[in-house]
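In what follows, a single structure is set out as structure tokens and then discussed.
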Amino acid sequence: MIDSENSNKSAIFFVSIILSVFLPVLPAISQEAVDSADSSAGDPVAVFVPEPPRNVTAVDHNYDRGENVDVSWDLSVDDTSAMFLGYDVYRRAEGEGEFKLIGTVPAGVDTLQDRSTKADTGYVYKVVARTAQGEAPPVITERVVPDLEMVNFKLWNVFLIGLFVSGAVIFFISHAKRGKKLFIRKIAGLEAIDDAIGRATEMGRSILFIPGINDMDDVQTIAGITILGRVARVVADYEISINMPVARSIVLATARETIKEAYASAGRPDSYNDDMVRYITDEQFGYVAAVDGIMVRDKPATCFYLGAFFAESLILAETGNSIGAIQIAGTAMPAQLPFFVAACDFTLIGEELFAASAYLSNEPRQLGSLKGQDVGKLAAMVAIALGMLGTTFVEIWDSSFVDDFNWFIHRLFSIVS
Amino acid sequence: MEEIGLWLGAFFTLGIISFLYKDNPWYKISESVFVGVSAGYWFIVSFWDNLYGKLFVGVFENQDYILLVGGVFGVMMLLRLLPKGGWISRWPLAFIVGAISGFYLMNYFSSNVMKQVYSTMLPLFSNEFGEPVFSASVADSVGTIMVAVGTFAGLIYFFFSKEHKGVFGGAAKFGIWVIMVTFGASFGYTVMSRMSLLIGRMYFIFGEWLKLIE
Amino acid sequence: MKRQVPLIITFIVGVVLIVSVFFPRVEGWNEDFSIFFDIIAVFAYFLGGGNLIRVHLDKVNKKKRDWGFSIVTLFGFLLMLAAGLFKLWNPGGFTADVAATGSLFQLMYDWIFNPLGATMYALLAFYVASASYRAFRAKNRDATILLIASFVILLGRTPLGVYATSWIPESFSLLQIPNLAIWIMTSPNLAGQRAIMIGIALGVVSMSLRLILGVERTHLGAGNE
Amino acid sequence: MNNIGLIVSLLVIGLGMLWFLIVALRGREVDRRLIFLFVGLAVSVPLLFNITFSEKPTPIVKDVFYKIENLPPRSKILISYDYGPSMAPEVEPMSNAFVRHVLEKDHRLYIMALWATGQSLAATAVDSIVRREFPDKVAGVDYVNIGFKAGGIGVLNVIISDFRKMFLTDVDGNDLDSLPIFDGITSLKDMDLLLSVGGGFPGVKEWVLFAGGRFNIPTAGGCAAVSAPLLYPYYPKQMLGLLGGIKGAAEYESELKNVHPKFEETPKPGIKMMGPQTLAHLIVMAFIVIGNISFFISRKRK
């Protein structure tokens, strides 16, 4: 078994991948191990000192900052005995006098990763096999000096898939630049924006815009602000005002800049004033309390909720509904989407929120990026299909091609550290 | 002392609940207090944790001068208060947006796309170890296939550049149904935990404040 | 020039952070960024706090509607600031933790902030009920599916659901409401969540690229040309 | 007096719902403020008058209960307190019910915690339940509390092979080797059942993945309602059973009460909290039905 391991490492690797996919199988395997252990339990042993593990090595873990060292060994010949407990791993750093225990693994495990080393420091490791009654003589490794690598080659798959998806998006952006108009399906929530603004104008009421309650360090907030730009551009043409209470100071600054610019580009810079956007409080429910108050007192005709929302989503949407406002919501918080869907007139579900500003801009380059996203989705579907076929056929067919293929498709989508 | 806290708590609890009937001065007082106090609270927390704890201690005690970059950007942010300084406050903003884009791109990419795709690659026949594949549990297989088909249909619904017509439109429609089941299920599931919150407040009113229940 | 510099900053910072993932020496840069962000956010607080004071002072000055409540807000805000900055009533004095037990700051949190926040949160119980009453109607096929799924889950969480279907024999036990509820949670629910999450991630990737490449620049107050 | 109040409130709720039904049959809508009122009533009335419902346990809860019920006496059962005060209202009823059941069946009880905050909650349980309700049980013989060790999954990885590597003494400072309850016990593999209470991290999932499921030790647990859906996929193969949220706790309490009438009088916070929960749920469902009736009738009219 050891020979085959050396001769074909990748085969072992992919077998372990398959095993990890067939999680339900694991208990059965360990059951076998327990059974075989039981059979030897009857041996009368007074003081049982196990044989030490062999070929103990410590090597620098590749492609990291030098903070990991992999210690591995061949199992002790007594490993399968019922009395056998496991292995203690000790470490001594350069300049330290004694070995310190850094970890223990149960019987049957032949590696341990030390995750607390420093780059360019020498370490020596010691592995001790143990039973309840005694310890085997320790085995000491050679000195290992973990180092800091330049490039993390283990992430080749992230790089590859990332390059493919980003490449698709960038390709369609630049492709569109050359003037080819792309078809984009209708998104109901966005089609409704003009009507909603028109309705506010007819009623002579304001528009309420909530960009979520997260700060600018959430890409959902940025998405909300970009939609704000488009909405403000339309609103600027009418004699109505945007009312935008915000929960974050940086959002306050950004939103003002955005609306101001939108009014300027609509040729009505004088209609803009700073009071359209005001800061309330950073506190989630304090903010909601105030916005609820604003809603019932000002009775806006249209409410936009576009950004990152948490539990307050339903409080806002229900209050908005009670004043008879048209409500257009959008968020990428999966837990809050059900509430918006239930209580609002239109909801942009997840991806649609990010697509919204591109859609509204109607600019070829922006629309091109949506096409790029679709290529990503197609690729994800193909990958899932191939992966499912792979794992299924691996069970039915005994073919090295199927094995290799299945290993590859899984490796492509797993993040190895 | 404890009593003061109890009565204040009860006053504000009922003040907020009174909003359910309609907007009224009691709610307005509660709201105004809440806004003022909470804005002050977060300002103070951020002041001691970030301005003092991170910037001041970091620069003056730990000599971590790189933090000054953050400080400089912070000051640029404030320059918008000057009549002519508005344009420079876009720099910290550009910095934030750039960093967030880069960070989110990689993060979502690896943790959402790759991980979700990986965990959907399940075998069509889930089998028990050692038994022939086709004696697998039917329910498990149906479940796996349902997850895969549902995921596919859901993704098809999100396609933007292809018109939802014909077979493709049918798949997209099935996708939105799956998504609706998801929403309905999460909604139904959350009702219970939302009720617990109200039970907690009612317990405060009837138990701790009015001492009507044990 | 004024327009170009921010776009260049966004581009460089974005690309650097993407690439940094592949280089162990700099893979921690995104943590540094979040510290920078926290520091920028504190400075920005002066904008937000200033705006809060200005808006409410203005209301009081001009005797606008509800101006009396603005005084309450200002008072609460300034009192909390004073309590926190000067650590009033803090048993440990000025060097102690700002939120030490017994300090005015902590008392105001426990007595005012906390019950207000908890009650606001608890309003959800009422809104969940009114939203289900109004929205869960078999208006069209989508709404019907939404209705059925949530009704099964709701039923599964009450004794009623257990009793109503406990007569179904074990061999069809999947049709018993509690089991059906579990199946919905683990199969179609999972599929929907996956589709939404993969979609969101691709949306983020594409949005981020638009921002980094400067295709999307509305947030910088710079309209697309 | 109490009874009159109860009857009146239930009458109000019952008649109110009936009136809503009539309103709906006429195709009209109910004012949302009345919905709010009835949700408030549905929560307050059971709380004030202590209304409870009998709970019929679901299979996923029964599997845990009858595992403990049917193990031979003196079996070794470990309960891990993996939660903190904020989660306690939801999951503490579960750990309490487990403790009572285990001791009542004369099993040996091993208490530990993977959460630092779980340690003091475990100590409270020993004081208020074990010592008070089971005065005959001897510490170190019938039960033991070995307390908390930091390290989460790391702790599991170690004690799966040897308790004594992590826990040298129990919380009172007694050497494990001096305790009869630890005679012949080296690791988790010697346990007959592992129970983890608490749905956070580390919690039931980690116990299943890194201890029970890996080495075929029966593992079950209880968790807050929000984390239950994430755990269902492990049932029944890797996880024996699960108590999800207050409902799971209530089901377990009621089965415990039915099988062991001794516990008729012990506090049952799970069942008690299910009162308002259940009534509120029923009201929400009733409103959904009423909403649909009025919708169909008004559409027919058009």
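Note that the chains take the letters A, B, C and D in the order they are written out, and that residue 1 is the start of every chain.
Rule of thumb we're sticking to: a residue touches a chain if its C-beta (ideal position, glycine included) is under 8 Å from a C-beta of that chain, and two chains touch if they have at least 3 such contacts.
Only a predicted model underlies this, so the values are computations on that prediction, with no experimental measurement involved.
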item	value
More contacts between chains, B-C or C-D	B-C
Centrality ranking, top chain (CA atoms only)	B
Centre distance in Å when chain B and chain D are each reduced to the mean of their C-alpha atoms	27
Averaged-CA centre spacing for the pair chain C and chain B, given as whole angstrom	4
Computed distance of Cα centres, chain C from chain A, in Å	17
In chain C, residues with contacts to at least two other chains	21, 37, 40-41, 44-49, 52, 66, 113, 116-117, 120-121, 123-126, 128, 130, 132, 134, 136, 146-147, 151, 154, 157, 185-186, 189, 193, 196-200, 202, 204-205, 207-209, 211, 219-221
Chain B residues counted as touching two or more neighbouring chains	16, 19-20, 28, 30-31, 34-35, 37-39, 41, 43, 46, 77, 80, 90, 93, 96-97, 100-101, 104-106, 109, 113, 117, 120, 148, 151-152, 155, 158, 179-180, 182-184, 186-187, 189-192, 195, 198, 200
Junction residues of chain D - those touching two or more other chains	32, 36, 39-40, 43, 229, 247, 280-281, 284
Chain-level touch network, classified as line, ring, star, complete or other	complete
Of chain A, residues touching chain C in the complex	63-66, 148-152, 155, 158-159, 165-166, 169-170, 173, 215, 217, 219, 222-223, 225-226, 228-230, 233, 248-250, 252-254, 257-258, 260-262, 264-265, 275, 278-286, 288-289, 297, 311, 314-315, 317-318, 321, 332, 334, 337, 339, 341-343, 349-355, 357-358, 361, 363, 365-366, 369-370, 372-373, 376-377, 380
Complex contacts: residues of chain C adjacent to chain D	125-126, 128-130, 132-134, 136-139, 147, 151, 154-155, 157-160, 162-163, 166, 173, 178-179, 182, 185-186, 189
Residue numbers on chain C that touch chain A, as the complex places them	21-25, 27, 34, 37, 40-41, 44-49, 51-52, 55, 65-66, 113, 116-117, 120-121, 123-124, 127-128, 130-132, 134-136, 146, 193, 196-200, 202-211, 213, 215-216, 218-224
Chain B to chain A touching residues, read off their complex	16, 19, 22-23, 27-28, 30-31, 34-35, 37-39, 41-43, 46, 77, 80, 86, 89-90, 93, 96-97, 100-101, 104-106, 109-110, 113-115, 117-118, 120-130, 133, 148, 151-152, 155-156, 158-164, 179-180, 182-184, 186-187, 190
Interfacial residue positions of chain D with respect to chain B in the complex	33, 36, 39-40, 43-44, 47-48, 50, 89-90, 225-226, 229, 245-247, 273, 276-277, 280-281, 284
